[in-house]
Amino acid sequence: MMYINDETIERFLKEDVSYIDLTTLVMGIGNEKGQICFTTREDMVLSGVEEVLRIFGKLGIKTIQSLPSGTIIKSGETFIIAEGLASNLHMAWKVSLNILEYCCGIATRTKRLVDKARSVNPKISIVSTRKSFPGTKELVIKSIIAGGAFPHRLGLSETILIFKQHVNFLGDFEGLSQIIGQIKINACEKKIIVEVENETEAMLIAGTDIDGLQFDKVPISDLRSLVEKVRHINPQLTLIAAGGINESNIEGYASTDVDAIATSSVYFGKPADIKVTIDKY
Amino acid sequence: MMYINDETIERFLKEDVSYIDLTTLVMGIGNEKGQICFTTREDMVLSGVEEVLRIFGKLGIKTIQSLPSGTIIKSGETFIIAEGLASNLHMAWKVSLNILEYCCGIATRTKRLVDKARSVNPKISIVSTRKSFPGTKELVIKSIIAGGAFPHRLGLSETILIFKQHVNFLGDFEGLSQIIGQIKINACEKKIIVEVENETEAMLIAGTDIDGLQFDKVPISDLRSLVEKVRHINPQLTLIAAGGINESNIEGYASTDVDAIATSSVYFGKPADIKVTIDKY
Amino acid sequence: MMYINDETIERFLKEDVSYIDLTTLVMGIGNEKGQICFTTREDMVLSGVEEVLRIFGKLGIKTIQSLPSGTIIKSGETFIIAEGLASNLHMAWKVSLNILEYCCGIATRTKRLVDKARSVNPKISIVSTRKSFPGTKELVIKSIIAGGAFPHRLGLSETILIFKQHVNFLGDFEGLSQIIGQIKINACEKKIIVEVENETEAMLIAGTDIDGLQFDKVPISDLRSLVEKVRHINPQLTLIAAGGINESNIEGYASTDVDAIATSSVYFGKPADIKVTIDKY
Amino acid sequence: MMYINDETIERFLKEDVSYIDLTTLVMGIGNEKGQICFTTREDMVLSGVEEVLRIFGKLGIKTIQSLPSGTIIKSGETFIIAEGLASNLHMAWKVSLNILEYCCGIATRTKRLVDKARSVNPKISIVSTRKSFPGTKELVIKSIIAGGAFPHRLGLSETILIFKQHVNFLGDFEGLSQIIGQIKINACEKKIIVEVENETEAMLIAGTDIDGLQFDKVPISDLRSLVEKVRHINPQLTLIAAGGINESNIEGYASTDVDAIATSSVYFGKPADIKVTIDKY
Amino acid sequence: MMYINDETIERFLKEDVSYIDLTTLVMGIGNEKGQICFTTREDMVLSGVEEVLRIFGKLGIKTIQSLPSGTIIKSGETFIIAEGLASNLHMAWKVSLNILEYCCGIATRTKRLVDKARSVNPKISIVSTRKSFPGTKELVIKSIIAGGAFPHRLGLSETILIFKQHVNFLGDFEGLSQIIGQIKINACEKKIIVEVENETEAMLIAGTDIDGLQFDKVPISDLRSLVEKVRHINPQLTLIAAGGINESNIEGYASTDVDAIATSSVYFGKPADIKVTIDKY
Amino acid sequence: MMYINDETIERFLKEDVSYIDLTTLVMGIGNEKGQICFTTREDMVLSGVEEVLRIFGKLGIKTIQSLPSGTIIKSGETFIIAEGLASNLHMAWKVSLNILEYCCGIATRTKRLVDKARSVNPKISIVSTRKSFPGTKELVIKSIIAGGAFPHRLGLSETILIFKQHVNFLGDFEGLSQIIGQIKINACEKKIIVEVENETEAMLIAGTDIDGLQFDKVPISDLRSLVEKVRHINPQLTLIAAGGINESNIEGYASTDVDAIATSSVYFGKPADIKVTIDKY
């Protein structure tokens, strides 16, 4: 579903193993045959499995069994078993574990957010922001999709979201409202969305020919009535809540009747806890 | 102090801006001149600044003032001011913010850990593990150094740390103890360190010609007496505590008289909170 | 406005000059100082200039004067003058000329299309398709923007365009119409557009909650009435004409009252004709 | 016969699919099994097939049948059939089509030129110039070879072609004629060829110890007599016609008795017309 | 045991074959089937075989038999036999031969050094320095390991070796001796080694808490007594001899009772002599 | 004169410094200002200087003075002086020294060969083969040019050299002689050269319409008379001696009246001896 370039997969491996596993080399055990098993220590949503298997393939490690990204597993389940030479298993171990722990962590947090939000508002969409750690975008996008969310904006080049930092070049929101017609002509295939921070801005922009509003850090209680007011002006508007939304408050935001919630909170947080054994075979 | 390849810097930028900032393009504001300012919303240790300035350089954005990575700043301080065209400022904005928020977050958490540990044991070394998000290693290593820690192992190729996953190929720790002499000959320039999980393993290995022990997930109270016991056998041993050590328990671990504490906890956790303004100039 | 990675710029250079200009080497003229001038032999819109200047910079060639991409120039105008060593000027010559001739060709054809279409329908948007020669995307997108068009879809990851090749997995358009509601929930921030080839398909889909229709290869006369019919069903629909539209027929398509015309025709065709002189200085 | 690096193949794919096919994702059809078929809508020479199959391989798409580059096929022939998941087929579709349409277009135009020229002069060689779109060199060279031509110069580093832009550093052609002896010593393994634009230059250079002449933009009628004159001076000379030669005039140029015709015209022009179906399987 | 990235393998191939083997192309023999055999003309230790097989794999060449890196073979032994098309065999030939001749040369010289040194001092370790030709590090490290040596330092980032060029920033060795305690705290997991050039420096540093000394260019006779003296001060010290050590003098150095000998001499010297036949099959 | 990609320059640096110079870090001297000087310990021809200065530039090291590649310098001459921070100087030191020692070694050996050969035969050309260490081609080609030689063949794609390994697909040299006419048509812009090993092969091929012969490992005395014989058949033939030619026998080969001598011997051999000092400034 997502293809990550070989160059990237190899970069991950080389970050950890520039040349060799010196430990197996000096111990003289590199040519022994062994088996590696990955077992979760907590309930989780899998992600990153395919990338680990590609690392295995490069190192001549044969996968015996595995479950695909997106699978929901229980604490104690073993989800990858593979066999190879000790030197190769040790080269693969930590980078594989890191991919899995970070990716599964994100997928699992995403699933929790999606489930919480949908329990309140079954039609809501959870979308994840551009605030990921530089260097990790492919893995995080794969993981939020595994967890049931969609990407908000993958970058700047194909979607239109007008921030105050754009508006400042036009003076103010009044200035913006005057050119929305031209923006819609220029970009008739995209929705034009404006980020607003308060009712004044929201009402001003909702009265134009805009396609959507993103509410930044508006408290839940204010947002609820604000959604009602702007929908009253234009029921077609796409409405997105963003800014500081996480597991502790997502149900509240979901109940405001916005169409989507944009969140960064799934990207950081503790990696999943996965046990790795390597045994002589 | 660390040089990150141009290719990496450009990869970070391209993750977010594959081609253009469509928003400035369709708004027609791309050629306006503007100023971008980064201001912290919390006390923190700077990291990632040099990489942001290199992105600015590539985009023709002129840095007016900046503070270097490693600087400790207070909430409200502005630490980067730069000027350029609106199209370029908008292309630089988010990737720069992401670099800074993740890096400063790591540097700041690291500094807190180091300070806490040193307050108890001034000679202790805080070292950060290999458990970083694949794709981020250069940024995280730069950041933990900015925060006062050192890298534990940067990879598998130049240090020797013997895990149970290695020992299994020799049968058991008894098997390991028999080849430590040969390992030391093979790697006379490195310290040979073995990870142990309990007193039995620790005492067995401490009795060999090993250079150090890493204690994995040994509770603080057990560790304190264990350190004393192994030092009694061999006072020269390098002793490292690892496994689940973070801000909440690092002082306890620092008080066990180990030489170093290895931790992954600085790598994840909330990014620093930084405000970015872009204004017409 | 667009940043092309250094790696790409260097790849262009290396395609032509893997090591040296053997001719200047065996002639022994490499260290002579010279001047290179680029002069157009036809009226055109400039594109690719910034990339040529970056190649010059890498080769120690000093730009004396240049006009930016997007500038409209007349036959006979000199738009780049630069100075350097003969060996470097000869290394830079052909790759620079190739960049300019292909890019200016695209920009100029684009401008002609845009002008023709706007002369008939001033609010129409000309968008360029994904049908570019693999390996050239950054240059072609830069060039169509220089010529006044916008990108249609830069890729598959951030826009939604449903083709028959998608619909086949649902059976038929009827099957599609049944899940449009769910698609809109999943992607509330994007416009959902469907490609249709005839009136039956168009009317069926226009009756759903879709955001837009792309008409593939519908003859101008049919399209005119079809646009009227679907707008009658839903006046908010974004309507795009695509398939075989070029300089010879764009005015007709522009007169059908669609919102946008998607075209590939600007990508191929004769490169612009530019004269290069290199003289001893 | 030509190996294109994996990195390049993946770059082509990523140009179009940075992460996912969002359309299949939001439609929920990604895991359906399907079949993709490529069928030509015109007679043509195949090129680029092997690269498409490598993209398929990366995406887990299984090729059922295919014809190799260089095969001549008739309108209506299906030349690739493959099977895979809908998400992967849609990721592969457009980039594969683009590779094929551009490459087959070049191969087919090349074959036409070669056939026309050989019908007049069976011993003539058609060689393609360095004037290709930056970023496409491997694909175009593969394609002109598939069409029966050879590369003229692949770059600057291994062949010697002296242009007026080189001669200017020696004053004039007279100056050049004085150092040809030294150039031949320096490069005894290569033919030394000089580009000339008129009879004066041609006759002056033909009288030296040069290996060949390239005639730039000399009209056919002039060229015929000029070839005779220079062959009279030195029958061993390699003679090449270049500049503005294409399908409309190549027979005339071929009849001038030059050894080779260098052309860029095959590189641009309409891509081949290929139909792609994707069906549920 | 060592994984070299695909990108590197392909870079090696492209250094020699940017596009095609022009010779097979113009001879028209590219599609003939053939067999390639590599046979040594001298006794040697194999290295680089796996990389050659990966090049074969990329070019569709099927390996019939091969011996792994590290194998000791006699003059006249054939160690790789493979089959493929003439065009591919010719593309693979020279780059494969170059990899093998340089790598086997290094492995073989390494084995000779190791054998000579061990014949005098069975517990000595031979380590190879950082003085390799830029661009070759992976191949040379693989080769010295195949020959029985270990890497001295793979780079600057994970080991500590203090040179006079470092000491100069502290004034002199006296200045260094004062901060060794702090260095050991900062880097408790690594051995701290100092390079010294004479007895004065050696004795001064040996009296500190240092972990090892590297003797640079100390004559064998002086070194013998110096080793004794510093061991008298601290018998735990790791002692390394370096500087100008090669096949002609390594036995002398091995007899000085140092723990390790660091040498660069294996990196340069004549490549191994290997015969390649390619025959029609 | 040759441009090496930034990516390559950075790869050289990263081979040695993946992240940091740990030694300066743990010593706490990284921010001290210092000066680095490169001084030769032997007469030599410079090469690689420009690449070293680019590494300096990346690390913020300011070049104070330097001599360009190609300069002939005497033992004791300082040819680069630069200033920067201790951490950066130490990162730059060894990779710079390695580039210089290997490149200057090649350039100097090349100059010696050229001088020796020209002393006997002033019109002879010395060309260097494709037998370089994979990964080093740009540096070695730059260096042999600095030393006064030219590249023989830079790769397989632009020159034609027919080996026995090609001929085998045609049966024998007789088979080759029958298709030389067609080969010349296919490649009229290149010289067609055949490698021969003895008089029989030489005389057979010299009688065809071939452009040149390369004599492989023919002893000097045999070669002298053979050259005379083939020149008698065709005085225009380009004649090249190759195989085992080095400083010890090049004068003999130069005296055989061949046009060129192809050699690999300059690529290996001891690197030049250069002293580096780094001092506090």
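Order as written gives the chain letters A, B, C, D, E and F; numbering starts at 1 within each chain.
As a convention for this text, a contact is a pair of C-beta atoms (placed from the backbone, for glycine too) under 8 Å apart; a residue touches a chain by one contact, two chains touch by 3 or more.
From a predicted model like this one, the values you see are computed outputs, not experimental measurements.
Listed here as common contacts of subunit E and subunit F: B, D.
Superposition angle, subunit B onto subunit D, using Cα atoms only: 180 degrees, a multiple of 5 between 0 and 180. At the subunit C-subunit D interface, residue numbers used by both copies make up over half of all numbers present, so the two copies contact each other through mostly the same positions. Chain centres computed from CA atoms place E at the largest separation from subunit C.
Relative to subunit B, the most remote chain by averaged C-alpha coordinates is D.
Centroids built from CA atoms put subunit C at 31 Å from subunit A.
With centres defined as mean CA coordinates, subunit E is found 43 Å away from subunit A.
If each chain is reduced to the centroid of its CA atoms, subunit A and subunit F end up 51 Å from each other.
Across the assembly, subunit F contributes 6-7, 17-20, 25-26, 91, 137, 150-151, 154-155, 157-159, 186-187, 190 as residues in contact with two or more other chains.
Contact between chains, per the stated criterion, is found for A-B, A-C, A-D, A-E, B-C, B-E, B-F, C-D, C-F, D-E, D-F, E-F. Interface of subunit F with subunit C (complex): residues 1-3, 5-7, 137-138, 141-142, 145, 150-151, 154-155. By the touch rule above, subunit E contacts subunit F in their complex via residues 8, 11-12, 15-29, 32, 34, 86, 89-91, 93-95, 97-99, 101-102, 130-137, 139, 155-163, 165-166, 168-170, 179, 182-183, 186-187, 190, 268-271, 276-280. Looking at the complex, you find that subunit F touches subunit D at residues 123, 125, 127, 150-155, 157-159, 185-191, 193, 212, 236, 238, 240, 259-260.
Chain contact summary for the complex, subunit A toward subunit E: residues 6-7, 10, 13-14, 17-20, 25-26, 30, 58-59, 87-88, 91.
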